[in-house]
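Note that subunit A is present in both complexes that follow, paired respectively with subunit B and with subunit C.
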Partner chain A sequence: MASEDARYRQSSQFRLWSFSPAQLAAAREKANILAQSSIAARLASTPNTSAPTSNANTPDRDGTPSLPEFLTPAEEATMVSFYVSELLRAGDHAEVGEVVKATGAAFFRRFYITNSIMTYPPQEMLIVSLFFACKAEGIFPRIGDFVSKFGRDRPDEILAGEYLLCQGIRFAFDVKHPFRALKGASMELRRLGDIEEQRINAAERRAREILNFSPLITDAYFHYTPSQIMLAALSLADRGLAERLISHTFHYVAPPTDSGPGTPMAIGDAPTTRRELKIEDKEAIIGSQIRDKVLGTVEACRDMLAKELPERREHWSNKAVFKAQIQPIRKKLAKCRDPDRYNLVELQRARREQAGNRSDSEEDEPEDNGRSLEKDAAVFGDALPRDTKRRKVVKTEDPFGPPL
Partner chain B sequence: MSRKAAPAAVAARAGTASSLPISIDDMCPVCKTMRYLNKDMEFLINTECYHSMCSNCVNRLFNDGPNQCPYAGCHRTLRRKGFRSAFFGDLSVEREVDIRRRVAAVFNQAEDDFETLRDYNNYLQMVEDLTFDLVSGNESKRRNAEAQLQAWEASHKAEIERNRKAGREADEQARRRQTAEKEAARQRRLDAIREAEDEKRGRLLSREAELDSMASADGGQRVQLKRRGQTSRVETAVNTAMATADVGKLSIRGLKERKVPAPDVPYDPFGGMRELVLPSRYSLEDGLSHPGIDKYRYDQGHTTGGYDFDEYTARVMFEAFAGLGVFIEDEKEAGIGLSTGQVATIAAGIAAVGDKMELD
Partner chain C sequence: MAVSPLIVPPADALHPHPQKTAPSPLKRQTSAVPSSNGTPALVRPPGQDIQTGLSMSLDRVEQMNEQEKRKYIKDRKLGEGTYAIVYLGRSRQDSTQHVAIKKIKKQKEFRDGMAPDAVRELKYLQELHHPNIINLISAFSSKDQNLNLVLEFLPYGDLEALIRDVTHVRYGAADIKAWMGMLSRAIWFCHENRVLHRDIKPNNLLIAADGEVKLADFGLARSFAEPGHRMTANVITRWYRPPELLFGARHYSGAVDIWAVGLVFAELIIRAPFLPAENEVEQISLICKQIGTPTEENWPGVTKLKEYIVPSEVTPVWERSAYMGRFGAVGVDGVDLLVRTLALDPRKRITAHEILEHKWWRMDPKPTRKEDLPRGGGSEEKMGSDLKRRPGLDDESNPRGAKVARKLDFGAAK
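Right, the complex of A and B next:
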């Protein structure tokens, strides 16, 4: 097994945040269903809710308003993509680096895999993601300056969602990006020596442009590793270079005794001397079989990225598109969102209050929100003094919080 | 050799001890001389049959060469050379000790010779069984054990010899270490004495200087002072000579016994993690450059702090190739290293289920 692959498998990106398409779809569906049921329960338990439910639906014979129409997983995915494009625009506006934007987008997408857009407000969460991405990438802007860039004056709107985000991304703060990998690829291509400098430069520039948008707005980060994404972007920019790089890397041809005549020969210059490997190891690490598999994977990733080329930026920010596709979903979302959790500040205040109450009553301690926050993860929303039933929530000690 | 007669002797001894007021220690069973008559009487035994008799009898009977044991019913032929005085009063104990000594000389493996502690314990058990047979087994058992012992001794002669030598060497070493320790202690003591002496002398000298400073001192006293100083100087000279002689003999204490290192595999600085550290799909040899880095390579702002561009290159290259062979769809669905065929069938199954769910 290749050492690089073994090391990548240890990353949290692979362990926690890599899914097959089927798994990802299942996770999103599950999040959607859970959100629907919990929101339905909450709406039902608040009899005189505001206008959205009542004017959209006719009351039942019981007099309780019927439930609003919920978003489908597909609609949610569209919204997430839309908000990621918004996030990228916000990043441009706040003048943060490309890596920060990419990390923010990854956080945002990860958060909305296990959480529904109906539960937590995406408009807030995208700024939270961006702010937290700054921190994760080692840039520490002042919260006051940061919020003022977005025309807001209350930092707690962002801080309220921060811990929530951390729980949602399961505390996996390290996002592996393909940007640096692209530099490595260009280094390797330069070393080959027979490709014009300009061609490499042009391809690198274009690939970087693609990496700054396409993988972020698609599910590429969940389905492919950074190096595969990088190669796909490179392939979109200059297919010849990407294929050259792959065939150069997987150059090994088994000795003629067991290789059939149909085995494709490695192209490129003679392989540099490497440490000696066993033949079967070589075959598994840099052989032709795995090369074909990598080529296939890169091709699939390329197809995925090709759907959202950087030119589509315009598409997402286009007014007409917004009106035709996004606005209807947003209207629908306004009706079916979670009444308790959509206001992050209110939610956090309630949780803190509850934490204070609990520590007062149980431990006779002064209010200590920071410490008891974790415990509260299991019980948010139930402190709103509306329904006594809701206070009885099973206490679980999962630091990652409940599914929703 | 055999110990046939020994139990009989013990029994006889027990019998006399209980019936007679005079103990066997006081009367020779051969010539019936009593200790009362001969204060210097000494009892000797022969390891052939462990029958005790007084030294006079031994001289008398065996001076002219080998002779039969004078005890009734004991037909052993004894030699004068074999007689010695018993260390233990109880002759059965004496005999057992002798046997044990003999067995230990033959079975002289140390714990280090065995691979596991269990093996060593098993060996000790075997030796103890054999010894027990020799000491207090019946006739056949004893003969059997004797034969075993002799067979072992014959077949492992070289090994036994080597072990004995090793044991002797270890003893020797321990002894030497002990003497070295003693030597060092003596040295320290001497040093301490010398120091005290020096101090004393220093005090004397200073006192002398003090006296000298008193300009008007009479001659006689000065001579006396001088003489005293000389004697002490001679003493210290002797002491230092002794000390230097000791230093030559001193050996270093606490040295670990050197062991011959087993011919092992070469030392692995990565502790078996080499595979995870070295790149397998790319090489980090020279020739890697990027215009984005090159402009910083000689920038003082970067180089002054010791920034290593090779580190950056290594990281960049690692990221370019890490996970290239990780196929998330396969690995998350089927596990690492499964064949594509298996994966395909599994994926097909999942896809089918997914379709059904969507139809619902």
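Right, the complex of A and C next:
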């Protein structure tokens, strides 16, 4: 309970929002497929809305009703990255702090793991994410002031998405960032006493620049802990300093095993076993094996961040890139988005109406206790694929390693 | 510690090419993606229920929410206040498992979406899991977009009721030690997780069926601020508010909670509020009179605080011996701990961690086992009234009146 690691495992960031790359890809693919089928069904039920040249009664040559071309998971991923870069620019424009921007980016990315970009409008959701990130970080701006910063005069467009976002991020509002870890690292490096101040400052500055962009626009937060992300950014800024810090932390070298009975370690019976355990503990916590593991992990994270160094900000806001890569997907998206869910204000109104119709029977009233259990089983049986996967993983092998 | 990367990553992340399964958004991976660009057939994936033509189907997140909601049955209303309605509920799977469902009301005066109290409470309860902190079991939204928190059910009221009920509830030093131990562990855990509670008082300490005390009501909580960041001084119910906040300090630490812990300690001993003032000016006077006048000598820099005003007649800080008469029931060491929590200068105040290391815990009497602790006539309705309150505010149902002057300036604390 008391160790920092044990507490990290209790955090919602670990419990709900940490995945292996395979799990993450599967979740996104599922969101994409579900969106496709739901939008297809919706379009098929009301012909002539999006495909004026055909209708449901006139099948295509191959015999299926004409449907728009849907986005692929890869195209969705491109769009999510593009909109995260937009979100960061919006954050700069609104002059919110670095933590708020990072939290907003994390909310946005989390939201679009279980939701498709075809289902809910990213342009609105990025403002919603930024707005709610302010609140999650303890700043409570007036919605009218906030939206006016973006030249919008419809606060309801953003407020209508707030609840949606909260559900999508599973009511977990705390995001753990690597910024404070970086401050700690630079203090730690200074304490070593033999590194030039200038070098530390330059590395810290560059690492901070990286942390303000690279982990936010990649999947780093889903795969790595804040301290791993920090070390990867520091390594990109100054590999020598990062490795120094890691080898300084995991410095333990076990005494030679053939030390023989003459060494004080082996004197006495019970103490021996206790000492040996201690050595094992040390080895497990600050030994060379764990050092190599950490180095490997930091290296993998570094590779991920290296694909989106801060210089790539320019790429994402470049007009030519926009025209060549983003615009075609946006055009496609305009044809395949969910007609019921893209207008958040209308969606909220519809949902409230639905709630109103049923409020007498269900809302705030003790529920009918005689509801059949089979129905429950049906609901519970359809557990989230992620959850089942997680359970499986835990059973076979804790992805985060053995207890320390 | 911040750099201790002791957490090893998911196994997959160790593979040299994690991108293999998570395609880089920059590359149009035409072949690697299984679902092709071609016309998708109208195949519904299993488990997907689409009600075309009828009311809009639920998306995946809404389905998850629905599942969460259906795990609980609301039995009956326990109480209703300005901030929330509290229901007694139970688990659908295990009807012996009772829960409290706190439905946050939409607040008319707050037009900017989800209200700050709800955001804070949910944020911190999601993260803090500890035997002495009220357990958030789940959260879901109801159809009218109200937020519902499913909390562990704590049927035995709160410490305030216990303290007040002098006719029915008797308790002694060992019981006080047990309660203080639980409160101290709760606040240590908050601070260890960089969370300031900012509303510690006896009626936010609820009592579980097994006697365990649980810190509740995180509607005013916040994370420790980054150095230089300003926070509002208008927190913590007045009687428990430390001098630095009364003097308008905008930079403060966990020490604000510790002062409140000290006043709960004092109240447990004398069974009455130790410093019950009618307003903030009187609150400062009471502190000066009962504890000592904050001056540059005992608190360097205090006169620089924006709202520093003290009565002209300076009272020297009272020695430990002066407390023995009124608070001697907890012994010399107990009094020592009390005095350390009530240090005027927040930098000299004992920390939560140091409280847990204090020698009082190791002295006789030993703390009472939690199942043997005295209980009040707590009732289900009591939890209703405890939870429905607006954080930091007492409403009409509480006879202690509006002793809190709390108006948070949400815009200013940038």
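Definition applied: the second predicted complex is superposed on the first by the 321 of 404 C-alpha atoms of A that agree within 3 Å, B and C clash if a C-alpha of one lies under 4 Å from a C-alpha of the other, contacts with A are read in each partner's own complex, and residues count from 1 in each chain.
Note that contacts are C-beta pairs under 8 Å (C-beta built on N, C-alpha and C of every residue); 3 or more make two chains touch, one makes a residue touch a chain.
Treat the numbers as computed from the prediction; the structure is a model and nothing was measured.
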Subunit B versus subunit C as contact partner of A:S45, first or second or both or neither: second
Touching partner for A:F19 - first (subunit B), second (subunit C), both, neither: both
Partner chain(s) touched by A:H223 [first = subunit B, second = subunit C, both, neither]: both
Of subunit C and subunit B, partner touching more subunit A residues: C
Which of subunit B and subunit C A:A77 touches, first, second, both or neither: second
Which of subunit B and subunit C A:A233 touches, first, second, both or neither: neither
First (subunit B), second (subunit C), both or neither touched by A:M125: neither
Touched partner set for A:R190, first subunit B, second subunit C, both or neither: first
Overlap of subunit C and subunit B interfaces on subunit A (superposed complexes): 1-5, 7-9, 18-22, 25, 29, 180-181, 183-185, 188, 223-225, 227-228, 230-231, 249, 285, 290, 293-294, 297
List of subunit B residues in touch with subunit A within their complex: 275-283, 285, 287-293, 313, 315-330, 332-333, 336-337, 340, 347, 350-351, 354, 357
Residues on subunit C engaged by subunit A in the complex (per definition of touch): 1-16, 18-30, 32-37, 39-45, 47-48, 50, 52-53, 55-57, 59-67, 70, 73-76, 85, 92-93, 103, 111-114, 116, 119-120, 122-124, 126-127, 129-130, 139-145, 147, 192-193, 222-223, 226, 410-411, 413-414
Subunit A residues touching subunit B - in the complex, by the definition given at the top: 1-9, 14, 18-23, 25-26, 29, 176, 178, 180-188, 190-191, 201, 222-228, 230-231, 249-250, 272-275, 277, 285-286, 290, 293-294, 297
